[in-house]
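First, the structure itself, so that you have it in front of you.
For reference, chains read A, B, C, D, E and F in written order, and residue numbers begin at 1 within each chain.
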Amino acid sequence: MAEEFDDEFDGPVKRFLFVNRKAPYGTVYALESLEVVLISAAFDQDVSLVFVDDGVFQIVKDQDTDGINMKNFSRTYRALEGYDVEKLYVEKESLDARGLTEDDLLVDVEILDSQGLSDLMDAQDVVITS
Amino acid sequence: MAEEFDDEFDGPVKRFLFVNRKAPYGTVYALESLEVVLISAAFDQDVSLVFVDDGVFQIVKDQDTDGINMKNFSRTYRALEGYDVEKLYVEKESLDARGLTEDDLLVDVEILDSQGLSDLMDAQDVVITS
Amino acid sequence: MKLGILINEGPFTHQASDSAYQFATAALKKGHEIIRVFFYHDGVYNSTKFADPPSDDRNLVQQWSKMAEEHGVELIVCVAAAMRRGINDDALAPGFQISGLGQLIEAGIEADRLVTFGD
Amino acid sequence: MKLGILINEGPFTHQASDSAYQFATAALKKGHEIIRVFFYHDGVYNSTKFADPPSDDRNLVQQWSKMAEEHGVELIVCVAAAMRRGINDDALAPGFQISGLGQLIEAGIEADRLVTFGD
Amino acid sequence: MLHTVNKSPFEKSSVTSCLRLAKNGSGILFLEDAVFAALQGTSVSDVVAGRAKDFQFYVLGPDLAARGLSEKPVIDGVEVIDYEGFVDLVEEHDAVHSWL
Amino acid sequence: MLHTVNKSPFEKSSVTSCLRLAKNGSGILFLEDAVFAALQGTSVSDVVAGRAKDFQFYVLGPDLAARGLSEKPVIDGVEVIDYEGFVDLVEEHDAVHSWL
């Protein structure tokens, strides 16, 4: 396992990957996973998020949950940058299958094809899914 | 809604359909649904069970749960007859897709094609799924 | 119309209890009667008074309790499903009662429609 | 090898906690170290001492408690996920502790492998 | 019969099963994550659109809105309803079958 | 990377997603309801068999047995293992990705 040491932190820095494959609101996984991501920011690790399959719906613009009386947590994805969580990846094939484009998304992401995402995910040390 | 009255019971008799679409052990739904079916037998209603999609795995022979330390409840399906729950239907297309045949099943069932099952399910008064 | 409602999932992981609550609210508003809400499978977790969600989120347990109080809606928690999941009388929020699975079948018999919400 | 285990589902509805327990048992048997089992999402329901399953079924809460006692395995229940679901210190079975999500990230850092079991 | 489906057609097979086993003439309501099945331009749109003659499709508007999809075009023949409309559908049909 | 999948390929898309996104050369373990993906003669057998050159497939024997499928033939190239074998796989690979 690759372990590096940086200047400010004397523990190992690992590549943490959070895989988001589930739509928001239908289940709580998206919301609770985001809570883990926010906490991970405090540990100075190399954090990446990928949005694949229905996970891409988590970052669709203009979510309005008033009619279902649930908390709209989509703005929190915009706040990730302030936590230095800046590596967000989306699979192009997942967007295409759902009729979505980059313009539908509420945060800046890097869009990769399946092959590119596969390479990126394979290079991680710790993969957290939910 | 169709309501009939029979000789021994002065409440309405309704056609209750229990739809089993989930495999056993991976989730608890099959086990807990079977508990509802057993209770329903006490109410002298017209009870039918259908097994479609992964629900057909609930009644596959030779289940042996020793290796996963979970309760093997498959024998209970054989006991249904003793509770006068005798209308068990299986969709042929669901069996075919899973490489299963009637010989793989541990109880006597009536095998219907999708069209036949569709007609049967449409004629019910109360549909309970899980 | 007399409605029975079956809820198969707990108050957070799946939207089932939320959808059921919105449906029930709309039904009451339109003057229908809800003869029983039956909580089965993980649905029994909707009944615990110890649930303490963040203040900026909805509290489904309290919402159901309030509906029971204001509209006399019966909230029945399956005893078998509750026992194995650690829900007993000491945990019940106001308006919830623990009873047997027969109450679900009865709801199916007595209601004009039984509507199920689950995973 | 040092192992961390993440469990996302409760002890009945999904097989996740069963699979994790069988995996953990096999790992201990082979001489590996389990540095932490972290319970998140509905996984927090694994920790309640009030769970009372039928006598002919396994009792996962007790199994985890016993593993903690016999092998010193740390069982950490996420405080945020537990609060909203009504699990607090009064409910905890022996060996379980409530703590923060940071314990999950730490497990990811310190363990050689983190293995997740869920829905 | 009114059929309800609440799972994403991209993730689970319940939409497909409902379309296979619901009797022609039934109502089918997409709610929760199944609202994705009501949208035009997806990988499953043709499957749903191809059955618009056989079923009356409905989709729950509040669930579309929550997911940021209120402005996306729905498949021709799909009617957008709210929770009160859901209650009306339950009343109009003689029974409800939830595909869980 | 070791990938684990625990959901039925007939009900959920996680097997498909794993096959699309796992890097060639990875190990893929089917457990719980995903053991159905390891069987010959089903509607998904060809999909899995067609990737047997790209991945090393494993299936958890105790989960097959629980479901009454121990005697059913598994797809060529799929190795049946037990929980100790699962632990060995975790040790042999540098990380684990669970497709939930």
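In this section, a contact is a pair of C-beta atoms (placed from the backbone, for glycine too) under 8 Å apart; a residue touches a chain by one contact, two chains touch by 3 or more.
Computed from a predicted structure; not experimentally measured.
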item	value
If a chain touches chain D and chain E alike, it appears here	A, B, C, F
Fewest touching-chain hops separating chain B from chain D	1
Comparison of D-F and A-C (more C-beta pairs in contact)	D-F
Remotest chain, chain E as reference, centres from CA atoms	D
Distance from chain B to chain A - Cα centre to Cα centre, in angstrom	41
Distance between chain centroids, defined by C-alpha means - chain A, chain D (Å)	25
Chain B residues counted as touching two or more neighbouring chains	1, 25-29, 53, 68, 70, 126-127, 129-130
Residue list for chain C, restricted to those that touch at least two other chains	8, 12-13, 15, 19, 22, 41, 54, 57, 80, 114, 116, 118
Multi-partner residues of chain E (at least 2 other chains)	6, 10-11, 13, 32-33, 62, 82, 95-96, 98, 100
Interchain contacts, given as pairs of chains that touch	A-C, A-D, A-E, A-F, B-C, B-D, B-E, B-F, C-D, C-E, D-F, E-F
Of chain F, residues touching chain D in the complex	4, 6, 31-33, 62, 82-84, 86-88, 90-91, 95-96, 98, 100
Complex contacts: residues of chain B adjacent to chain D	25-29, 68-71
Residues of chain C defined as touching chain E within the complex	1, 3, 8, 15-16, 19, 22-23, 25-27, 29-30, 32, 113-119
Residue ranges of chain E in contact with chain B within the complex	1, 13-14, 17, 20-23, 26, 94-100
Chain C-facing residues of chain B, complex	1, 11-12, 14, 16, 28-29, 32, 35-36, 39-40, 42-43, 45, 126-130
